[in-house]
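As written, the chains take the letters A, B, C, D and E, and residue 1 is the first residue of each chain.
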Amino acid sequence: RDNVQVAGSSTVLPYASIVAEAFGENFDFPTPVVESGGSSAGLKRFCEGVGANTVDVANASRAIREKEIKACADNGVTDIMEVRIGYDGIVFASDIDGATFEFTPADWFNALSPKVLVDGAIIDNPNQTWADVNPAFPAQQIAAFIPGTKHGTREVFEEKVLAVGCETTGALKAMEAAGMSEDDAEDACIKVRTDGLSTDIDGDYTETLARIDANKDGIGVFGLAFYENNTDKLQVATMSGVTPTTESISTGEYPVSRPLFFYVKKAHIGVIPGLKEYAEFFVSDEVAGPDGPLAEYGLVSDPELALTQEAIANEQTIASGS
Amino acid sequence: MTDASNAAPLREKKSLLVVDARTKKRNAAEARFKMYGIIAITLGLLFLAVLLTTIISRGTGAFTQTFISVPVELREDKLDKKGNRNLEDIKKVSTFGYNPLLGDALSAVIAEGGFTTEITKSKELRKLLSSSAVGQMRAYVIENTDQIGQTVTFDFFASSRVDGYIKGRVTREDLARDKNLSAEHLDLVDQMIEAGVVRKKFNPSFIFGADASESRPEQAGLGVSMLGSLFMMLVVLFLALPIGVAASIYLEEFAPKNRLTDLIEVNISNLAAVPSIVFGILGLAFFIQFCGGYLGIAAMKASAPLVGGLVLTLMTLPTIIISTRAALKAVPPSIRDAALGVGASKMQTVFHHVLPLAAPGILTGTIIGLAQALGETAPLLLIGMVGYIASNYPDSVLSGFTDPNSAMPAQIFEWAKRADPAFYERAWGGIIILLVFLMTMNIIAILLRRRFERRW
Amino acid sequence: MSGIVLLLIVLGLGALAFILARGKALSSVGGDQRALHSRPHYYGFSASILTIAPAVALMVVWGFGQSTLVQSSVAELIPASAIAEGQTVGLLMGDVQRIANGLDTAVAEGALSSDAAATLSTGADDIRGILGSVGVALGADVDPAILKAAQSYRAMQSSGATLRMIAVIGVALLGLTYGFMQTSATYRARNSVERSMRWTLIAAASVAVFTTLGIVFSVIFNTIEFFQLYPAKDFFLSLTWSPSFGGGSELGVFPLLWGTLYISLIALMVAVPTGLFSAIYLSEYASPKVRAFAKPLLEVLAGIPTIVYGLFALLTVGPLLVNVFGDGGILGVNWMQGGTAVMTAGLVMGIMLIPFVSSLSDDIINAVPQALRDGSLGLGATPSETIRQVVIPAALPGIVGAILLAASRAIGETMIVVLGAGAAARLSMNPFDAMTTVTAKIVSQLTGDADFASPEALVAFALAMTLFVITLGLNVIALGIVRKYREQYE
Amino acid sequence: MDDLRYMEMPVDQDTKISASNVQIYYGDNQAIKDVNVEIADKTVTAFIGPSGCGKSTFLRCLNRMNDTIDICRVEGTIKIDGDDIYDNAVDPVQLRAKVGMVFQKPNPFPKSIYDNVAYGPKVHGLAKSKADLDVIVEKALRRGAIWDEVKDRLHAPGTGLSGGQQQRLCIARAVATEPEVLLMDEPCSALDPIATAQVEELIDELRQSYSLVIVTHSMQQAARVSQRTAFFHLGNLVEFGDTSQIFTNPQDSRTESYITGRIG
Amino acid sequence: MDDLRYMEMPVDQDTKISASNVQIYYGDNQAIKDVNVEIADKTVTAFIGPSGCGKSTFLRCLNRMNDTIDICRVEGTIKIDGDDIYDNAVDPVQLRAKVGMVFQKPNPFPKSIYDNVAYGPKVHGLAKSKADLDVIVEKALRRGAIWDEVKDRLHAPGTGLSGGQQQRLCIARAVATEPEVLLMDEPCSALDPIATAQVEELIDELRQSYSLVIVTHSMQQAARVSQRTAFFHLGNLVEFGDTSQIFTNPQDSRTESYITGRIG
């Protein structure tokens, strides 16, 4: 095998494909092959073992888990380099011709949680329209298209929006006061109502877009890059007063984002032609920097990119590095 | 025997020209029945028509593309500082190094054409063009080092937004919050169209080209993944058809009828119900990890059309076996008797008489099986054929089976997911190509089937 | 010598065997074919098979044997010091092979003489440069031990190839001789050839069996792993499907099975009548011209990628249904909340399945002997009575096969379900509610973001296994029904 | 052996079927050439002639069974009870209910023996109840001279019968619908003498009320059961007349040589 | 009509086929009960008996054509030229090449007339060249007494022939492979007297070198062409002997009543 083989997250795929294409254009190495199939499937194949018939790089929209590192090690994949390439902003957007929204996490909690706090009591969520949630909003039917539970984005949504909303509305306290254990209360916070007002999307953002197309009341969760490519159809909502842009996300002002990674098998470096070059090229300033093509496409570049570059140069692995 | 009085007519005599009530009723039922048939067919064809018009109306745009012709001065001081035309040195200049040249060239075009625009920054100007432009230039320079220092006119892809504007998909209002292009750009484009610098023309590289990354929808083509599909279909056709027919012949004509063969029969029908992605799991485990990894067969690797073809073969087999068996069953036994009776062996009987008579059913199974295999994406997901893969043409026919490649449906599926709406048009365009491919592939089978059809 | 050339030689010997044996058979009876047990070409084929089959088998086995042998002896040449931490010998073997192949290419392209290739050394030559010039890119500079290994790898491979050639041609010649010797007028050549054919047929039939075994093997271990993490009781008996990342998922298969059943049922309710009536019309009423034109057209429906159907469901059929059955719809019934519903997916899937039923049934109906139709028409039955009571029952096994195929496809479909029916697992009787299927969940859990060793990801395998067992049961029942109602004509 | 027993039956019945200038083509091949014939009611008419001369073809025309053969084309007029059966207003289904047919090759349905016979009556609604139907089936099977052989296996498939049994089953099937005209294409070809006699008895019985046309190769059979005989040769109707006259005093030399060349 | 012409042929030929204690079952139904019979070489043996008595069943056993019927089971031994044909070592294909068969229902292949006849010779390699094959086909069709009718349409489908023509085509097809034993199940049932005579001539001619078994319902035919006759009744072989003896002096009362009950 002469080419670098990459597998994993479909969220990282666009960035990886841009890099792979430019890598092929600028190096004599063959263009790397970038498969999609999900972070989990990619890491699973990554951890299958060391050798030419396994992948060299796994893209992931979340950090590798302890259990996975162990599973990797069981198969002889011990020296893993973790590379954080930047952040994926997660935005809320609705139809371009519809009403404009300025959300807070509390709004989302009150709209989607099966149980909310009303007048000091935890009751079944009575809210049917956005006006019920917040009088400032139009009386528009709640129709949320949120990522299905297979998506890492869902986890981010739960942690950074629902859980936060749960706390700020005081629902968390009220639940604990009502005798729930802390864990149970936290679990209850991130539950989503199942009466049809919220729809899980197992597909990708195009599907969410199509759903909003079919239901103009819909509000969907998108990646920043996807939204930026579809500003003709979508308008983005602010969160806690901040408009999501690459800048506001990289400064941490806009709260909802997640880091993106790829993982490299150190053992393959020096054996698979172009592997190290690919990794270095990926995080080079020209590519992943704030003016590079990745940022242009919608990646929130990592302020600590220099550290990452150095780590790659030193072939720092997870065990030795972190 | 029976007495004559028994033979009294049950029914009264009537003229044939007068249709009696019962016959009327039966004829009405007949007409209804026939009507159901017509309705069913019309419905089917109607659905087809709706789908096809949708596909065609959305997809034809993908076959044309906007180009901008730009004369670029290939400045020596940027491209070959040492001036000795050493390829190694020229290669050191990355595509990023070509950006300034492009910006200057565009400014020159504006100046020369006398266009008026507010846009002056090189980076902003370059937004008119596809990001493939620099790559195109660099490849040209490496091929033609002697051209360094000259001015060469390139036909660059316009960026997807500009193309969308020309095709009517993008309007000035749409660009209000778009950071990729602004309304001023469009004013400039209008002038450039006027001057003939910007043209929309047929884009063969959509049909023959390779996939491009997310940021370059204008450059993406289906050609390489079409080859991927072609190689996979070759594998499927040359394995699934013979194996399927052979298996059916064995089970239907030779196998003893017992519990074991019942089990095999049920098992084959059951295979048809196995979700296609599970075949992907099997393909990953058996072909890639076992054959490729454990046995060390180099051709069995991820992303190889050979492996994809094998997986699709396994997936198509049940369809072919089920239809072939049904067709074999439908051949009247008297024909087998006739052949056996003149001393043909069972094998000869089957191959000379039964098989030709069952051919229409077998071909139908093949047509449907191949259609299914050609359109399938899910199993390819697990064997590494979905993603950004079809970016290089294979080096040779033989390596076409093993070089990493994607497949048409996977490519279309990938495009449909991408963020830039320009890919959406390409996805539909890709479906047109896929359907043309399908029809071409099936035409022989359809003609053959017509030849074999007969009643007895 | 490459395998292809060797194969061609063996095939050539096979052809020779054919000519010789056929000639011998004919001459043994002085050219009078009647005196032979079998037709002359059977003698030819019989000898050919004896020549080719063992030789090719040997080639394949030798191929594996040699590569294993060479690999292991070359691996011993690589000193432990050359193996970096975390690397394995196997990984380095890849590099060795790449260098060896690169040297081969270099020799073939004239960049190196074969002597030079065997004596290159890392100190004196720029290996990476030389190989790079012939298009073989290496990941790093070459370690001397690796180069040594690569050179002895080449040497072993080439002597192995020579040995293989001798052995394979030898076996082929032996087969040829034996085949030629046993050729005589009384030798049962046809039986021997047919025996080989029969084995070939059996081998083909076993492919299906091995596929099943393969499927079972490739999902069973992960299924077991799943059941170690998640109680089987909950999986089979819980009525909720709600996976979540943090653990505490409820993974009851029942709502998914229900969705699968419901959607497939609706799809079949669309596809079976439409397909069957189309088939009947095409084979019994339509003129040959209409038939020649409509049948392939309907088959295009099977070839349209499912994503198109999915989008069609999402963008066209769903809103249309909402307009009729939804809130404020034409019927004013408010049964439907959103466009995604069992009904949406079922209808669209039904369209896709039409050709599965129509084309296959059409062929089978067409194969029913005309004499049966004549018999019925002659009694004064109308064509439709004839079709319903004589033709269809006679064609029943084939039609059931076609329907089963359509049902199978319905069960296995994902894209239409995801886009048309939604992703939410729900237990409801209302066909206008969103639901999802087992298959859709297999795909989504398999391609999701959950930790791959977690029950949320592993459940995909358990789902696959469960579906497999259930469809097996349904197929057994279907077979029983067909057996019971089968009418064999003549 | 018996001599031919010439019938002394009166044959001046009403005309049931009249065919004039009938031409039948299979593609370009003309199988029947300009045939004119009048078939009387309550009579048995025999078609005889060498194999391949067009008997079956002409017979199939009389109830439009040739409609099912794509390449077959009929010209001329055929009237039954004065109605042109090729008229557009005529429903072939009703026609075939009236003009039943026994085919040359037995073609039982792949159903049970019972269902084979019950099929016609069910289609025509001749039975009011299951018991009724049982009676009809039994009667038909008795008339087809096969009741005794199959009464214990009425629910076994009709295709599992011997050749002669299948032929009789088809006869039973045809008479079960009580047609006014019964066309029988070599109904006794696979039957032994005793069964033949029984079928001939049936024919004789049916003649009391219906019109029958039978194709036969047995001159003796024609002589025994028919009142009128038509001799076909190479697609031509060579001679048509009273059976006695045809057999004793043929007008055409071809008829004579066919009759006298007889052996069977 | 002719009287029965009892043959005065010597019938002490070598035994070609000998069946002993043959029992044949269809499922649980016994169709042939303990039949013992010896069929001589260069002789025509006729099987007679009422419809459904098991003639075809027994005939199909002699070249193992019953193998194709799933539910059919044979017990006892049948030897041809001393070899047990149900022995495992026997190749049924070779057997059938040696023992040809004409089926009761004509079953031409849905191929051209030429191909129908040429198939057997091709499979057995009887022709060295196309010209050779043409000769064989013509000869077979002439023997089948159908050459004149089809010589201009050799490439028309065999299924487009008339019933009698199909029957003769099947006879031609069977003789084209030159089997040593020819089993014919009612070969003349759909034939007119002249064609019947031609086929009988063929049978007579074949008898010079081969052994023939024919099933027939025509007592006259049995008497005319056969030297030995077997009478079956309800699955039993009631009587077997020289044709002349069977017809003049039947030993069994059932034979007698069948013979004397004859009509056709």
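Here is the rule we use: a contact is a pair of C-beta atoms (placed from the backbone, for glycine too) under 8 Å apart; a residue touches a chain by one contact, two chains touch by 3 or more.
These are the chains along with the protein names UniProt gives them: B = Phosphate transport system permease protein PstA; C = Phosphate transport system permease protein; D, E = Phosphate import ATP-binding protein PstB.
Only a predicted model underlies this, so the values are computations on that prediction, with no experimental measurement involved.
**Student:** Chains in contact with chain A and with chain E: which ones?
**Tutor:** Both chain A and chain E are touched by B, C, going by the contact rule given at the top.
**Student:** Can you give me the shortest step count from chain C to chain D, moving only between touching chains?
**Tutor:** 1
**Student:** Out of curiosity, which chains are bumping into both chain A and chain B?
**Tutor:** Of all the chains present, those in contact with both chain A and chain B are C.
**Student:** Going by C-alpha centres, which chain would you call the most central?
**Tutor:** C
**Student:** B-E or C-E: which has the larger count of contacting C-beta pairs?
**Tutor:** B-E
**Student:** So how far apart, in whole Å, are chain B and chain D when each is placed at the average of its C-alpha atoms?
**Tutor:** 59
**Student:** Mind checking the centre-to-centre distance between chain B and chain C? Centres are C-alpha means, answer in whole Å.
**Tutor:** Spacing between the chain centres: roughly 18 Å.
**Student:** Where the centres are mean C-alpha positions, what is the separation of chain D from chain E, in Å?
**Tutor:** Distance between chain centres: 28 Å.
**Student:** List the centre-to-centre spacing of chain A and chain C in whole Å, with centres computed as mean CA coordinates.
**Tutor:** Here chain A and chain C have centroids separated by 35 Å.
**Student:** At least two partner chains per residue is the criterion; list those residues in chain C.
**Tutor:** Where chain C meets two or more other chains at a single residue, that happens at 190, 311, 369-370, 382, 385, 446-447, 488-490.
**Student:** Please set out, as single numbers or ranges, the residues of chain B touching at least two other chains.
**Tutor:** If we look for residues of chain B contacting two or more partner chains, we find 26-27, 30, 284, 333-334, 345, 357, 381-382, 416, 456.
**Student:** Return the residues of chain D touching two or more other chains; collapse runs of consecutive numbers into ranges.
**Tutor:** Where chain D meets two or more other chains at a single residue, that happens at 93-95, 97-98, 105, 123-124.
**Student:** Going by the touch definition at the top, which pairs of chains touch each other?
**Tutor:** A-B, A-C, B-C, B-D, B-E, C-D, C-E, D-E
**Student:** Touching residues of chain A toward chain C in the complex: what are they?
**Tutor:** Counting only chain A, the residues touching chain C are 1-2, 9-10, 28-30, 37-41, 43-44, 47, 50-52, 61-62, 65, 67-68, 71, 76, 78-79, 143, 148-152, 154-155, 158, 187, 190, 194, 196, 199-203, 207, 210-211, 213-215, 266-276, 317.
**Student:** For chain A, which residues are in contact with chain B within the complex?
**Tutor:** 1, 3, 5, 7, 10, 13-18, 20-22, 24-26, 28, 30-31, 33-37, 41, 45, 48-49, 51-55, 204-206, 223, 225-226, 228-233, 235, 286, 293, 296-298
**Student:** Across the complex, what residues on chain E touch chain B?
**Tutor:** 63, 65, 68, 70, 92-94, 96-98, 100-103, 105, 107-110, 119-120, 123-124, 159, 170, 173-174, 176-177, 179
**Student:** Would you mind writing out the residues of chain C in touch with chain D in their complex?
**Tutor:** 369-382, 385, 389-390, 393-394, 487-490
**Student:** Under the definition above, what is the set of chain D residues touching chain E in their complex?
**Tutor:** 1-4, 26, 48-52, 56-57, 104-106, 149, 160-165, 168, 185-186, 188-197, 217-221, 258, 261-264
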